[in-house]
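Should a chain be cited, it is by its letter among A, B and C, assigned in written order, with residues numbered from 1 in that chain.
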Amino acid sequence: MEKISIEKLKELALNLKFDMDEKQYQTLQDEFDIMLRQMEAINKTVDTTNVEPMSFPFDVCFSYLRDDEIVEESPRDEILRNANKVVEGQIQIHKVVE
Amino acid sequence: MNFETIIGIEIHLQLKTKTKMFSPALNTSKAAPNTHVHPIDMGFPGTLPRVNKKAVELALIACKALHCSIDDCLHFDRKNYFYADLPKGYQITQDKRPIGRNGYVTIEVDSKEKNIEIERIHMEEDTAKQLHYTTFTLLDYNRCGIPLIEIVTKPNIRSGKEAAAYVEQLRNILLYLDVSDCKMEEGSLRCDVNVSIRPYGQVEFGTKVEIKNLNSISNVEKAIDYEVKRQKALLLRGEAVEMETRRFDEASKTTVLMRKKTSAVDYKYFTEDNIMPIQLDKNWVNQVISNLPELPHEKETRYQKEYGLSSYDAKVLTSNKPMMQYFEKLVTYYNNYKIMTNWLIVEVLGYLNKNNQTFENMKMEPKELAIMVKYIDEGKISSKQAKDVFEHLMSSSKTVDEIIKELNIVQISDDTTLLAIINEVLTEFSSSIDDYFAGKDRAFGFMIGQIMKKTKGQANPAKVNQLLKQELEKLKK
Amino acid sequence: MDYLNQSLETIHQALKDKKVTVTELVKEAINKAKKLQETCNAFVTIDEDNALNQAKELDNKEVTDNLLFGIPMAIKDNYSTKDVLSTGSSNILNNYVPIFESQATSLLKDANAISIGKTVLDELAMGGSGLTGHTGVVKNPLDTNRLIGGSSAGSCAAVVAGVIPFALGSDTGDSVRKPASLGGIVGFKPTWGRISRYGLYPFAPSLDTVAFFTRNVKDSAYIFDVLNGYDNKDMTCFNLEKEIVYDSINGTIKGKKIAVLKEIYETISNPEIKKEFDEFFENVKKQGVQVDLISIDKKLYDTIYSTYMILSCSEATSNNANLDGINFGNYVEANGVDASVIATRSKGFSELIKRRFVIGSYILSKENQEKLFIKAKKLRRLIVEDVNRILDSYDAIVLPASGNVAPLFKQGNDVDRLSDEYLLLENHMAIGNFGGFPSITIPCIKYQGLPIGINITGKAFKDKDVLNLAYGLESMIGGKK
C-alpha cells in the first residue's frame, strides 16, 4: 500500500470538519503507515471469500417496533438550554448559505 | 438533431403518523418552533433511535399500492454528512435494503397508459427546518425526525407531461391511502427531478441536472420543459451540459443554478448499528397490505360498472378524495347516480370554486342532496326550484324539507287543478291551438308559459307538459 | 472503620445495624474522592451537594433489603446524567449538562445508590491509557508513577483507592477489563444487549457495553442483577426476562473445562510473569478444573487489533459527528457556520481523537469500504465463529488480561505496535466485544507488588456461568472481602 499523502489526510480531516497543524498531519501520516501495514497484513493472510460481514455480535433479528401512541417531549427551554445562542425559541447560527 | 428526454424523479413524502420516525415527539408542522422535540431529535449524546411502527405500516402500504416487492426484514443505514439542519451528523435511512423495490405507477397521458417504474422506496427521517434571514439562520427542530419515505423512479419518464402525471397520480394514490398529506406547497411532498437529454439512438445517458424546489405539479412540468429547452440549446450550440443542481424560479418560469456538483459526495453509508435488523411479523404485514382501501383507478372502474357513470364523470369524482368520499355517502341515500353526479361535478364544484370553499367545510349533507334529487324526480320540486334550494343548502345547515317550507315552495301536480288551468288557457288563447296544429312549435311553448304564469311557476312542468299534450290530442279529434 | 473498601454486603449490614449512616458513608466517600483527586485526578465532577442531599433523604428512610441502598458510587463521564455535567472527558463537551438520565444510571439511582461524581475517561472513551481526558492524566492509586489504563480510568482508580465500592464504566475493546487488571480489582463486561445503552455516549455501538468495576465478583453479580433487563429505549437491547444471579452463584468450579489459547498465552515475554500464571493454572487444575492449552489459528487472531481499530474508528467517526457545537457543547464562534463548526471541532477534540476519526473516515470512504470495513466485518465473523467453536467444548476461555503490570508514564508510547505481544496479548479482550461475550477480569497474580488480572470469557448470555467461574477462581486466589 502506498503512503497516503498529507493532502489526502487534510481533505479527510476537513470533510470531518476539523483541522490539524502540520506536525499533527505528519504524525497521522506515520500512524497511517502502521495502520495500513497492519491492514495489508489482514488482507494477505486471511481468506474471507464467501464470508458474510458481521455487523452485530449476534445474527439475530429483533421484532420490536415502537407504538405510535405515546407522545414524549421535553420542554423547549430544556431542549435549547445547551445551545450556544437562542433567539425567540430558536437556535441562531450564522447565515447558512445554500 | 432530435433529442430524447430522460427524467427520473425522487419524491420525499412526510408520513401521517402521530409521532416521529425514531422519537416519540409529536409529528406536526403547525406549532411554535422547538415545542415538539425529544432529546433524540437533538442528537444529544447517548440518545438512541426507536423505530415507529405506524411509519413502517404506512411505508408498507405505499409499497403495496405502488406494486413494490417488500423486504420484511428492516435494515437501517447511516448517510453521513455535516449540515446545520442535521443534528446527528448523519441521517438514518435505508441504503442497502430499502423496504420496497421494483414497483410501478400507471399513468395516462394523451389517452395512453404507461407504467412509470419505481426503483425503490425507503424510510428515513426529516431534517430540522432552517429559517434564513439576511444575516443569520434560525433552527427549528419540530420537523427534525418526522418520518419520510423516499420514492425513487427509474429514469423512464420521457416528458414534463409524463412527470407531472406521475406526481399527480402518486399523490392521488397516497392521499387516498392516508399515507401522507401530500401537500407540495407545505413541503409534505417534496419533488426532485433529474433531467438529461441525449440524441435519439445514443445509448449512454447525457449529463443530468437536478431540479429542486418544485412546489406544485404544474411547476414540475414547466421546470422540465424549460430545462429540456435549455439543455437542447446548449448542445446545439456545441456546449456541454454541466452536472449541477438548479431550482425552479416561479417568477421567470426558468430554472436557476443553485450549485455545481464538483464530484459525487461520498456519504460513507454503513449499517446503523443502533438498530438491530427487525423481522416484521408476516401476519402483520399481510394484514396491513391486504386491507388496503380501494385505489382511485379501481374506484373509477367500479363507478362506471356499478353506477353507470361515464368514464369522464368517474375520473372527475375520484380525482378528488373528499368529493369521492362525499359521493360514496350520497349513493347510500338515493339511486339516481347520474343526476346526483351531475349536481356534484357541475353545481357543487362550481359553487365551491366561486365561494372559495372545499368539500371539507361544505354545509350541505350528502343526505340532503340526495333528497333534493329525489324530490325533483318525484316532481315535488322543479329543477328551477331545486337551484334555489341548492343555494340554501350550501349556505345554511338546514334540511331540504325545512328550506322548501321556508321558501314556500309548492308544486302543483294535482291533475284536477292543473286541467282546470289548462282548459282556461286553451279557451283564452284558442288561436294558439290552431297554430299548434299548423305545426308551429312555439305555440306549445307559449301555452306552457301561460299556464306557468297562472300558477306563479308552481305547476309541475312535466305534469303540465303531459296534460297539455293530452288535452290538445283530445281537441284534434 | 472504613466501610468503603468492603463488599456491598458488609456495608449493607453495617447500614442495617445502624453502625454507620448513609450520610457518613457519602461524606467519607467524598473526602476520599477529594484526596484521590489531588493524587490521581480520577474525577471530572465531585457532586458533593447532590450526594449529601440524597444521603440525608435516605437516612430518613428504613434501610431496605436492597444492597445498593445508600451505597456511594461513581459514574464514568460518558453517561448522560440529568442536570450534572457530562463531558465525555472532551473539551468539546466541557459545558454540556444533559437534560436526560441514562438508563443504567437511572436503574442504579432507582436502587438508591448515590452518585458522588463523574469520572475521567480517555477522551470520548477512545483510548486505553487514561492519559487523554480533557482534565488531565489519571494516575494509578497503587503507584502514581504508573497509569491505570482506560478508557474507564477514573472509575477504576476510584474503586482501587476505596473511594466507593463500585463504579460504572463502559467497555468497547477492554475499557473496563484492562484497567481492572492494572488496578487489581474486578471488571465485568456482561453480554452485549443485556443492559440498555440508552444514555451511554456511543463510541462503537456494535461493541459498546455497559460495564462496571467492583471489589469482588459477588458485587459484580449484584450490579449485573440491577442493570440487566429489557429497555425499549434501546433497539439493540434483548427482550429477555431480567436475570437475577446474585443468590445462585456459589463458586462451584469442579468439573469445569477452561481453554487457554496457546498462541496468545505464550506471547508473555516476561518469564517471571509467565511463571506466576503457570502456577495459577496449576492451582486451577488442582481444583478439579480441566485446563487445556489449545492451539488456535494465529493468523486469524493476529487480526484482532486491526479488526478492532477498523470497526471502532469507523463507527466512532460517525457517532461523534453530532459534536458540532450547534445545539449543545462548546461552540467556537468563527466567521460563518461552516467555519464555526470547524473551529469547534478543531479546538474541541484532541489530536489523538482527530487521528482516529480520520482513520475511520478513510475506512468508510467508498473506495475503501469493501477492502477495509467489510473485510474487518468478515474477520469479525471468523473470529467470533472460532471462539464460539471453542466455547462449544469449554465453559470459558481464560487468559491473562495483560502481559505485564501497569506501565510507567515515562515508558510512554514506545510499544512496538506490530509485535505479537502487543497485537495478541494486549488486545485479545476485544474478542469479548466482537462476539458480545460476557467477560470478566479478576485480580490474579502480583509482580513486583503490582497486580495483573486474569480474564474469563464465556458464551453469550451465560453471564451467570462466567460470574460463577470467576467467583470460584477468586475464592481460590483469595479475593478481597
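Here is the rule we use: a residue touches a chain if its C-beta (ideal position, glycine included) is under 8 Å from a C-beta of that chain, and two chains touch if they have at least 3 such contacts.
Because the structure is a prediction, the values reported are computed rather than measured.
With centres taken as mean CA coordinates, the chain nearest to the overall protein centre is A. The chain pair with the larger count of C-beta pairs in contact, out of A-B and A-C, is A-C. With each centre defined as the average position of its C-alpha atoms, the distance from chain B to chain C rounds to 57 Å.
Chain centres here are Cα means. That of chain A falls 42 Å from that of chain B. Per-chain Cα centroids separate chain A from chain C by 22 Å. Shown for chain C are the residues in touch with two or more other chains, namely 96, 99-100, 206, 232, 235-236, 317, 321, 324, 326-328, 337, 341, 361, 365. Multi-chain contact residues, meaning those touching two or more other chains, occur in chain A at positions 16-17, 55-56, 62, 64, 66, 74, 79-80, 82, 91, 93-96.
The residues of chain B that reach two or more other chains are 39, 42, 44, 50-51, 82, 84, 137, 139, 141, 273, 276, 278, listed in rising order. Residue ranges of chain C in contact with chain B, taken from their complex: 78-80, 86, 88, 93, 96, 98-100, 102, 197-202, 204-206, 232-236, 314-315, 317-318, 320-324, 326-328, 337, 341, 361, 364-366, 369, 373. Residues of chain B touching chain A in their complex: 17-19, 23-26, 32-39, 42, 44, 50-56, 73, 82, 84-85, 130-141, 258-259, 271, 273, 276-281. For chain B in complex with chain C, the residues that touch the partner chain are 39, 42-51, 78, 80, 82, 84, 87-90, 137, 139, 141, 266, 268, 270, 273-276, 278.
For chain A in complex with chain C, the touching residues are 4, 9, 12-20, 24, 27-28, 31-32, 34-35, 37-39, 41-43, 45-46, 48, 51-58, 62, 64, 66, 74, 78-84, 91, 93-97. If you check the complex, the residues on chain C that touch chain A are 95-97, 99-100, 192-193, 206-207, 232, 235-236, 239, 299-300, 302-303, 305-307, 309-310, 317, 321, 324-329, 331, 333, 335-338, 340-342, 345-346, 349, 351, 354-355, 357-359, 361-362, 365, 371-372, 374-382, 384, 417-418, 423, 433-437, 460.
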